[in-house]
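All remarks here apply to the structure that follows.
For reference, chains read A, B and C in written order, and residue numbers begin at 1 within each chain.
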Amino acid sequence: MQNEKIPTRQLIGFFIVSRLSFSISNIAAMHVPPYNQDQWIMVIVSAIYIIIASIPLLFLANRIKNDTVKDFMKSLYGKTISKILGLFYVIYFIIQAINILTLQTELVTTSILPESSNALVTTLMIIVCIYMTSRGIIVIFRAVDLFVPIIYSFLIVLILLGVNNVDLSLFSPVFVDSSLLELNKGAIMMASMYNDIIVIAMLIPELENKSISTKAFFSILIVNIVTLNIIIIVTQGALGIEYSRHSLFPFLIYVKLIDVANIIERIAAIFVLMWLIAVTSRINITLYLATKIFRDIFEKEKDDKLMLFVVSVIVWLVSVAITWVRPVVGTREDLNSYLTIIFVIFIIVIPTITCLVYFFKRKSINKSDN
Amino acid sequence: MISKYIMKNRVKLEEKFNNSDDLVLYEFDTLGDTEALVVYINGLIDKKALNEFVIKPLINNLISVYDIKSSIYISEIQEIYNINESIKAIVDGHVVLFMEGIETGYILNLCRYDKRAITESGVEQVIRGPKESFVEDIYVNKSLIRRKIRNNNLIFEQFVFGEQTNTQVCIVYINGIVNQDILAELKARFKKIKADAILDVSYIEEYIEDAPNSLVRTAYYTEKPDVLAGKILEGRIGIICDGSPNVITVPKIFIEDLMDSEDYYSKPKFASFLRIIRYLSFFISIFLVGIYIAITNFHQEMIPTQLLITLAGQREGVPFPSLLEALLMILFYEIIKEAGLRLPKNIGQTVTLIGGLVIGQAAVEAGLVSAIMVIVVSAAGVSEFVIPQLREMIVIYRILFIILGGLFGLFGIFSGLIISSFHLLSIKSFGVPYLFPIAPYDKEGFKDFLRRAPLKKMNYRPKYIADKDSRKRK
Amino acid sequence: MLIKKMFSIMILLILSIVLTSCAGSREISELAIVTATGIDLVDGKVLLTNEVIKPNANPTKGENNGTSVLYLQHEGDTLFDAIRNATLTFDRKLLYSHNEIYIFGEELAKRGIGDYINFFLYDIEPRESAFMVVAKDAKAYEVMGINEGLSATPGKYLELLIENHKYTSKTRSLNINEYIKYYYQRKTPVLGVVNREQKKFINHIQAEGQSDHRDILNVEGGAVFFEDSLIGYYSGEEMIGFNFLVDEIGESLIVFEVSDEFTNNDENYIATKGKYTVLEIKDSKTKNDLIVEDGKINLTVDVKLRGVIGEDSKGLDFRNLNIVKATEEACSNKVKEYISQTMDKAQKDLKVDTFGVDTIFHSKYPEEWKEISNDWESIFPEISYNINVETFIIRTGLLDMPTNVEKGESNAK
């Protein structure tokens, strides 16, 4: 049991939950074109773009089977360039962590702790996440077996309790008010937020079954799209198209509307807790990967805690600074365009270059292996 | 070395025992005029048997010193050649026999000392099922286990720990079912024990446990032979310690504390119901007060309107903030509980009664605490008694969650919950994840988790714990 | 390691001590629970009236006429401003999360409420499921504080009156979320109405000097909004038609007349002969459909309702299937009458589409909708409609004929 690996079940469960952190909070899919009752079609279309965007990394993921990411990059680029690239990815993961941590802070402070300061909530959350991440990747993934059933059963119960508020007539006419151009525009914006593939690729050395990555990616994608669509449909059906578009946390309002026999009512706090579990998984994995690459760059021990503190403190300071001066969720459209640029660089451009380098150097690498 | 001359041996032993009062050295002559010396400690042996089956035949029949074994009527005789071995045997309660002219001593097993009778277990009481429990004596305990599992693969391995106490410790397992990796790991940990004294089996636990800083135990305690037999049959290793009526088994997983031997003696569906009750009590006893504090101080919208109006009426005029109120109540509750536990039975009841009355009714009427707080705290307190094994964890965690809930509301409860569950997730007992079979998930393990499946359906022994190839039935 | 641990514990302790006050814990005894809110407009300022629960420390020993309440009034430029201004004169902070009802004064409703109800959505505390009603011909505070029911508070009394809408369908319950949900699409919400009325006080042990009339509340009718301002009212009967049109009819009654030819001969009557038969609706489904023919829009309303005969004063013999059919027919005609009454009112009087006909048009003729969506208000009064109602009597209660008809072989057909 010393060299425990991550079973496929936990891998898939982890990404299903961690994607929920976006799809039930500030449902990004409602804030992209076509802004009408056809959002669910757009989500399905976005799957195509997600697959296209993920091809380079998926290809690389299938090549790293017997290697660590670090050695693989080193064999392609040499020591210095691979370290610089590693640093870039550390920054990428830190940005991701900040992104979700600030979102978390804003949801918690507006919903369950309206009178506490942003800094307090951010601090508490980062302390929790440091503890969780310090337990190691195996424990983070083992927690999936415990939390996925809880989160998903809660989600299903919440959806079912509120389903009598849903008015499906709001969804007609289907695919008339929106043009194909708008749909595609929204789908591309959606796809640019789906960065699970980079995490899967980075985790390949830790997996029990290393050849699973393609299959896992597709099953994760399908479950995520279906879940997201169910959430979009019930939320839009309960809140109306326009209100859900302008509501910052539409599913929160959906849960707020639940009222069963005047006993189970206003259970938004429970929803927030459930969502927070999903959020911590997201923050954990970004913190973990940033730390891991950092350790590789500075050639530290595998369970060196210092790097984790360095990464976490950076994330913490920047998040506190951001939430201190400006709203995060309401002004996301600007932020999303920056995130899209970052996405294109880190998920498409760099991996594509790496693929090309791999093709050129393949022969020499194979020779040195033999 | 044992000397030819009895006198020398005698002097040496007297010297070693510092003329201790209870050491008996008795010299006599046999029929063949050989001098003999029996040494033992008063009170540890069966004197009647010594007189009847050792001294009488020796005096009446023994002619040659080489016929000793054929003249005395004892089933367990061991020859020794070293005086130190004889000291150990005497301390253990054996009789040592020296004869003039030979350099051999004989250890005669005539142990008989006063011990507690086998009684019903005081802690693990059952309505249905075996009622006998272990006693302090290791030999009786071993015999109790043997009677449960009549199998030549049942193996006892003896160890002695404690520089001063020389306590006998015994591990018991079934060959073929036990996981050899865990057995090797346990023996390796035994090798590292450097103990001064072993007074109870919990000393052993402290030396071998996986999570010394945690509030949860990584060894399972039982007093009942049938429970131990069940654990051994699942591939666990039992550790018996002389002088302790408790037996521990390793590896231990969290859900064992929420099981009960009676689950297997009741109807499966009813047993499953009881288990769900137990899990509910576990969560109620830890979280109820904390969640109450969190909701009334932070999330008033979650309380149904009518209840909130009642609550507001009750809180009116209570001087303390509710966080302080809860902590005070818990403090007094713990004091009453401790007082009731430690006192003799008849006084204990009075204390609990008076304490309960004062804190419950009088405090509410005096307006010091709100009635609902008394209800919440006592509901949490009662739930705790459903699972006495987890008391250590529940008491401390409950206070932590009250503080977290009072400071940060449900967000605080969430942080505590996440951190404590990650703590449990990261623990391993002898390589077995502590929250098995929940995380990592195991389908077969789930048959004996929240629900107790019928015995016919449970065909596998627990994964990780038992040997991989062993099955209950094919 | 030890130093690290101590350091982190220290940090945690300091944080928890320093930040306790910032975490925003609020004891229940520091809050005032609001159970009803009236919103009026006075001289351009918002006048807010709150009904607040007065906590009763000894509920068992207290008087048993329900929970006691207080009324607060405060002004401000906006709703939130007014709520905060309340703390200038009232010692506790108002807790809005249990407020189930918002009453809008008629003056404010006529001016428009859209800019004020934002507060309910910006803040996490107010419920989206709180009901909105209009105080007819009154200020909001004038209808507050009346409790002639068995509820603990006047707010609860009014809330339960609104929740009773399903028994008569002569009123409507609309909460904030439903208002917002359809606001962008239909632009013509219909809110509930509350009236203050006088009722004779029936109590024989009447105290000296007590008036023999008491105020009660009546929620019959509906308030029609266009965009966000009040333009008129539906009466109770018109609300039945309205509820049929928007398919929100509850377990309400249809009182109708069956023509005389189906009743027994007069000599069989042993008691007074009445006029009406009553059907209790158990289940109803309305389907609206639109057809555009030669540039004319025709609305078809299909109603299918299932009901139980609850009362019959006319003496109908339900053993006879023809009579049952005739009863169904008569009931259908009555429903048609209700619906066309409401349609006429909407088309000729109010001239707004309160039934969501535009959304049907939108989903059926999306291309044409883009052209006409801006002047739907001028098109709606012109559309023609036809109504088809099918009634099914699924039970006749415990009797097969009423008691005012003579029994005997001669009547059995």
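Operating definition for what follows: a residue touches a chain if its C-beta (ideal position, glycine included) is under 8 Å from a C-beta of that chain, and two chains touch if they have at least 3 such contacts.
Keep in mind that this is a model prediction, so the values were computed, not measured.
Student: Comparing centres built from CA atoms, which chain ends up most distant from subunit B?
Tutor: Using the mean of the C-alpha atoms as each chain's centre, the farthest one from subunit B is C.
Student: By C-alpha centroid distance to the whole-protein centroid, which chain wins?
Tutor: The most central chain, going by mean C-alpha position, is A.
Student: Quick check: how many Å separate the C-alpha centres of subunit B and subunit C?
Tutor: Centres of subunit B and subunit C (C-alpha means) sit 66 Å apart.
Student: So what's the Cα centroid distance for subunit A and subunit C, whole Å?
Tutor: Chain centres of subunit A and subunit C, defined by C-alpha means, are spaced 43 Å apart.
Student: Please tell me the distance, in whole Å, between the geometric centres of subunit A and subunit B computed from their C-alpha atoms.
Tutor: Once rounded, the distance between the two centres reads 47 Å.
Student: Which residues does subunit A have that touch at least 2 chains other than itself?
Tutor: 113, 116, 120, 127, 265-266, 268 - these are the residues of subunit A that touch more than one other chain.
Student: Give me the residue numbers in subunit C that touch at least two other chains, ranges are fine.
Tutor: Expected reply: 19, 23-24, 26, 97, 125, 127.
Student: Where in subunit B do residues touch two or more other chains at once?
Tutor: In subunit B, the residues touching two or more other chains are 298, 301, 305-306, 408-409.
Student: For the complex, give me every residue of subunit A touching subunit B.
Tutor: Going through subunit A, the ones touching subunit B are 1, 7, 9-10, 108, 112-113, 116, 120-121, 124-125, 127-128, 131-132, 135-136, 139, 142-146, 262-263, 265-270, 272-273, 276-277, 280.
Student: Which of the residues in subunit A end up touching subunit C in this complex?
Tutor: The touching residues are 110-111, 113-117, 120, 123, 127, 165, 167, 169-170, 172-173, 176-177, 238-243, 247, 253, 256-257, 259, 265-266, 268.
Student: Within their complex, state which residues of subunit C touch subunit A.
Tutor: Within the complex, subunit C contacts subunit A at residues 12, 15, 19, 22-24, 26, 97, 121, 124-125, 127-129, 177, 180-185, 359, 362-364, 366-367.
Student: Which positions of subunit C touch subunit B when the two form their complex?
Tutor: It comes out as residues 16, 19-20, 23-29, 31, 33, 35, 53, 55-59, 67, 95, 97-98, 100, 125, 127, 152.
Student: What does subunit B use to touch subunit A in their complex?
Tutor: Spelled out, the residues of subunit B in touch with subunit A are 295, 298-299, 301-302, 304-306, 408-415, 418-419, 421-422, 425-426, 428, 431-433, 435, 438-441, 464.
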